[in-house]
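Some structures to go through are shown next.
Paired with chain B in one complex and with chain C in the other, chain A is shared by the two complexes that follow.
And then the complex of A and B:
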C-alpha cells in the first residue's frame, strides 16, 4: 500500500513523501523534490546568452557566441547528471539492512547499502548548517565489536532537506521496523 | 591574589601609558607633517620614509576589514559537518560516570544519549 503526503523543505520548496509498506518488516520511504522548471531553465539560458551577446558587441569576436552555446549545453548536462537530485529514497528491511538511493534528473541512481549489524539507530539530529540550525535525519553506525559507541553518522535526505514534520513521519516508520530487531533477535 | 580592584600601581601604569600614547601621537604628527628639510636642519636625519606615515594606517584599516571576513570564515570552517560524530557526542559524554539512582531524590545531571531523547520527543506514549 502506498500513500503520498505533501510537505515543505527547509528552504520552502514543496516536496512529497511517499510511504510504501512491502511487508511487515520492509518499508520504503521516498522524498521527491520539484522537477527542473522550464522558467528557471529559460531564465538561466537567456541570462548567459545575453551576457555573451554583450561581450560579442564589445569585442567583435564571434567565438564568444559559440562558446556561450557550448557552455550552456555542457553546463545543463553536468547539472542534470551530477547536481539535480529528483528523489531520495530509504528502504528499511528489518533483518537485512538499510538502503539509501538518490535518483538524479538524468536518470542516474546512486545507492548505498548499510547492513543491520552496523546500524545502531536512526535519529533526528539538529546541527548548524550555513548560518541556520536544521533538523536532519541520520543513521548512527556502530562497530560490531563496540555496540556502545557511535562510529559514524550518515546524514539522509541531504538535497531535499525536509522539515521536522516530514522527518517525524519518516522517523516513526523507521523506528517501527527497528524495534522489531530487539524483540526478535536473529542468531547470526 | 588577582583582583580587578583599582590599585596604586595600576594608577601609575595607566598614567604612564597615557603620557606615552600622547608622546607617540605628537611624534607621529611631527614626522608626518614637518617638512624633511626642517628636520635635517635640526640634525634629525635618521627617520623612516614619510610614505609609511600614510601606508601604515591604511594597512591597519585594511587588516581590520579583512579580519571581519577572516573571523567569519574561520567560524564557518570550525563548524562540524553534518556527518561528524561531534554533533552527537564528545569525549566528556563518553567518559561520564553513572550515579546510582536514589529514591525520592532528584536524578543526577548527565548527558542523555540522542536515541533516548528522540524517543521521548517524537514517539508519543513511550
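And then the complex of A and C:
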C-alpha cells in the first residue's frame, strides 16, 4: 500500500514523500524533488547562445558558435547525469539492512546497502548549513571495536533536504522496523 | 524471527525435488545451492553431500523440499515431502511450493524442536548464481584505511557460493545417480582458447624465467659495478624504469600460482600494462621511423641547442649591463658574466664536436622505444637532462656562491654584534673580539653586503631556469608513473564484467501478494572506478614530493641545492 504526501524542503521547493509498506518488516520511503523545468532549461540555453553570438559578432570567428553548442550539450549531459537528483529513497528491510538510493534525472541510480549488523540507530540531527540551521536524518554506524561508539554518520536525503515534519514521518517509519530487531532474540 | 531464503533464479523452473545448500544459523538464513530431483536414494544423496563437504569445506546439507506442480496441488505429494523431512532430519525443514506459472510461491517451515512456536516471517531473496559465484566482494575501507576483514553477513553468502564450485561441475548429462539443477546443469561451459592458453603458458613462463635469470645475471655482474658506470646508471631514469619493468616481468613469469584474488589481479594488471606499453612503444617507433622523422629530429637538435646557448648568452649580456634598471657591481658582474660565457662557449664546442654522430646515436636509441612507451619517455627526459646540463652547472655555481655569501654574511653579522656561534652547544654565545678582528670583520661584512645584489641576481636567474627544466622533467615522470601504476585489467573488467568486482549488493522489491513471503531480488552493486583504481593501483618506484613547500622555500633562500624528486631507494639526507 502506498501513500503520498506533499511537504516543503529546507529551501522552499515542494517535495513529495511516498511511503510503501511491502510487508511487516519491509518499508520503502521515497522523497521526490521537482523535475527539471523547461523554462529554466530554455533560459540557460538562450543565455549561453546569446553570449556566443555576441562574441561571434565581435570576433568574426565561427568556432565560437560551434564551441557554444558543444558546451551546451556537454553541460546538459553532465548536469543530468551527475548533478540533478530526482528521487532519493530509503528501503528498510528488517533483519537484512537499509538501502539508500539516489536516482538522477538521466536514469542513473546510485545505491548503497548497509547491513543491519552495522546500523546502530537512525536519528535526526541538526547542522549548520550556510547561513541556516537545518535538520537532517542520518544513520549511525556501529564501531566494531567499541559497542557504544559510532564509527560513521551517513546523512540521508542530502539533495532534497526535507524539513522537520517530513523527517519525523520518515523517522517514525524507520524506528518501527528497527525496534523489531530489539524485540527479536539476538542473532549477532 | 525472520528467516531469509537465498534462492537461485536458475532453479525457478526446476522440477520437484529436494533443496540442498547451507544453513547459516547465526544469521538465520538459508543459501540454496541446487535442487536434487526424484528419483534418488537418500543414502547416495548423503554420501554425495559428504564428499562435497570434504572437498569444499562448506557444510552442505539437505535443507528442505521444492515442489513445482504444473497442475493443482496434490495432497499425497505434500505428505510425501513432509516424510522426507524425517529421513533427512534438518532443523528447520523448509518447504517451498510453486503452482503452475504463478510468481508467488508459498513457503512454510517445519520446526519439530522449536522452543517458541511463533510464526516466522520468511523473506525470499533471488540471486543470480553465476554472477555471485564469480564476483569478489570488496569490503569498504574503514577510517584506518584497512579493509575490514570481519565476518560480514554478505561475505558469508558470497563465500558459500564461490567455494561450492565443485558442486556445479555435474550437469544433467552426467550418468550419476544424482540429478541436480543449478546454473550449469544445462552443460558445463568452457572456452577452448582459454584452455589452450593455460596449457601454453607453462612452457612460456619457464622460458621467460630462464631468459630473465640470464639478464639479471648480466646486470648484476661486476663489470657494470665500477664507479663511473654505477654512478651513471643511478642517475639515468631510463635504467630505473628498465629495472622496474624487469621486476614486473619476473612477477609475471614466476611459476607459483596466485594465492588469492589480489595477487591474481596484480599479475593480470602487470601483464596488460606491459602489453599496452609495448604496443604503444612500437606504434611510436613506427611513426618515428616512417618518413625518416628521426633524421629530421636529429637535424633540428643541434640548431635547438645552439639557439638555447645563444639565448643564454643574450641573457648573460643583459645581466652584465644594467638588468631591469638595477645597478650592479661592475667588476664582479664582469667576472661572473665572462666566466659563464666561457662555459657556454665550451658547451657549444662540445655539441659541435658531437654533431656528426648525433643522427646515428639517436637512430639507435630510438630503436629502444620498442621496449615500451615509458622507456621512450624516460629517454626523452634523460636527453633533456643532458642537453640542459650547462643550466644545471650554472645553477650549482650560482647556488654555491650565493650559499657561501649568505653563510659569510650571517657569521660576520654575528661578529658585528659581538656574538659567536658555539658549535659545541649549537647556539649563539657572546664573545669578546680584539679590535683588529672587529675591524677586518666589519670590512668584510660591508664588502659582502654590497656585493649581495649581484650574486643574488645571478642566483635567482639560474635557479628559475633550473626549476623550469625540473618542472618539465617532473611532468614527464608523472606521465611515466601514470602508465606504470594504472590497473588497466581491473578497469576493463569493471567496464565489461562489472559483476566481478562488487562493492556490495542492492535489493529490488518484486511484486508482492498478501499472505505470501516477501520477494526481493539481490543484484550486485559494482565497485566505482575510483574504488577500482584505489584498490588495485600498482606500486611505483618513486614518490614525491620530497620537501614540503616551506622547507623548499627555506632551501632556496639559503642557497642549498635542491633535488625535488626523490626515489624510493635513495637514502635520506
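The rule we apply is simple: the second predicted complex is superposed on the first by the 184 of 188 C-alpha atoms of A that agree within 3 Å, B and C clash if a C-alpha of one lies under 4 Å from a C-alpha of the other, contacts with A are read in each partner's own complex, and residues count from 1 in each chain.
The rule is short, and it goes like this: contacts are C-beta pairs under 8 Å (C-beta built on N, C-alpha and C of every residue); 3 or more make two chains touch, one makes a residue touch a chain.
Bear in mind that the values here come from a model prediction, so they are computed numbers and not experimental data.
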Touching partner for A:183 - first (chain B), second (chain C), both, neither: neither
Touching partner for A:40 - first (chain B), second (chain C), both, neither: neither
Touching partner for A:94 - first (chain B), second (chain C), both, neither: second
Touched partner set for A:22, first chain B, second chain C, both or neither: second
Partner chain(s) touched by A:62 [first = chain B, second = chain C, both, neither]: neither
Which superposed partner A:136 touches (first chain B, second chain C, both, neither): first
Which of chain B and chain C A:144 touches, first, second, both or neither: second
Touched partner set for A:112, first chain B, second chain C, both or neither: second
Chain A positions touched by chain B in one structure and by chain C in the second: 151-152
In the complex, chain B residues that touch chain A: 76, 79-80, 82-85, 87-89, 94, 114-115, 118-119, 121-123
Complex interface listing, chain C residues touching chain A: 1-2, 4, 26-28, 121, 123, 125, 142-143, 148, 150, 152-154, 504-507, 509, 512, 518, 520, 525
Chain A residues touching chain B - in the complex, by the definition given at the top: 120-121, 123-125, 127-130, 136, 138, 140, 149-155, 158, 168, 171-172, 175
Residues of chain A that touch chain C when the two form their complex: 22-26, 28, 91, 93-96, 99, 101, 111-113, 115, 117, 144, 151-152, 184-185, 187-188
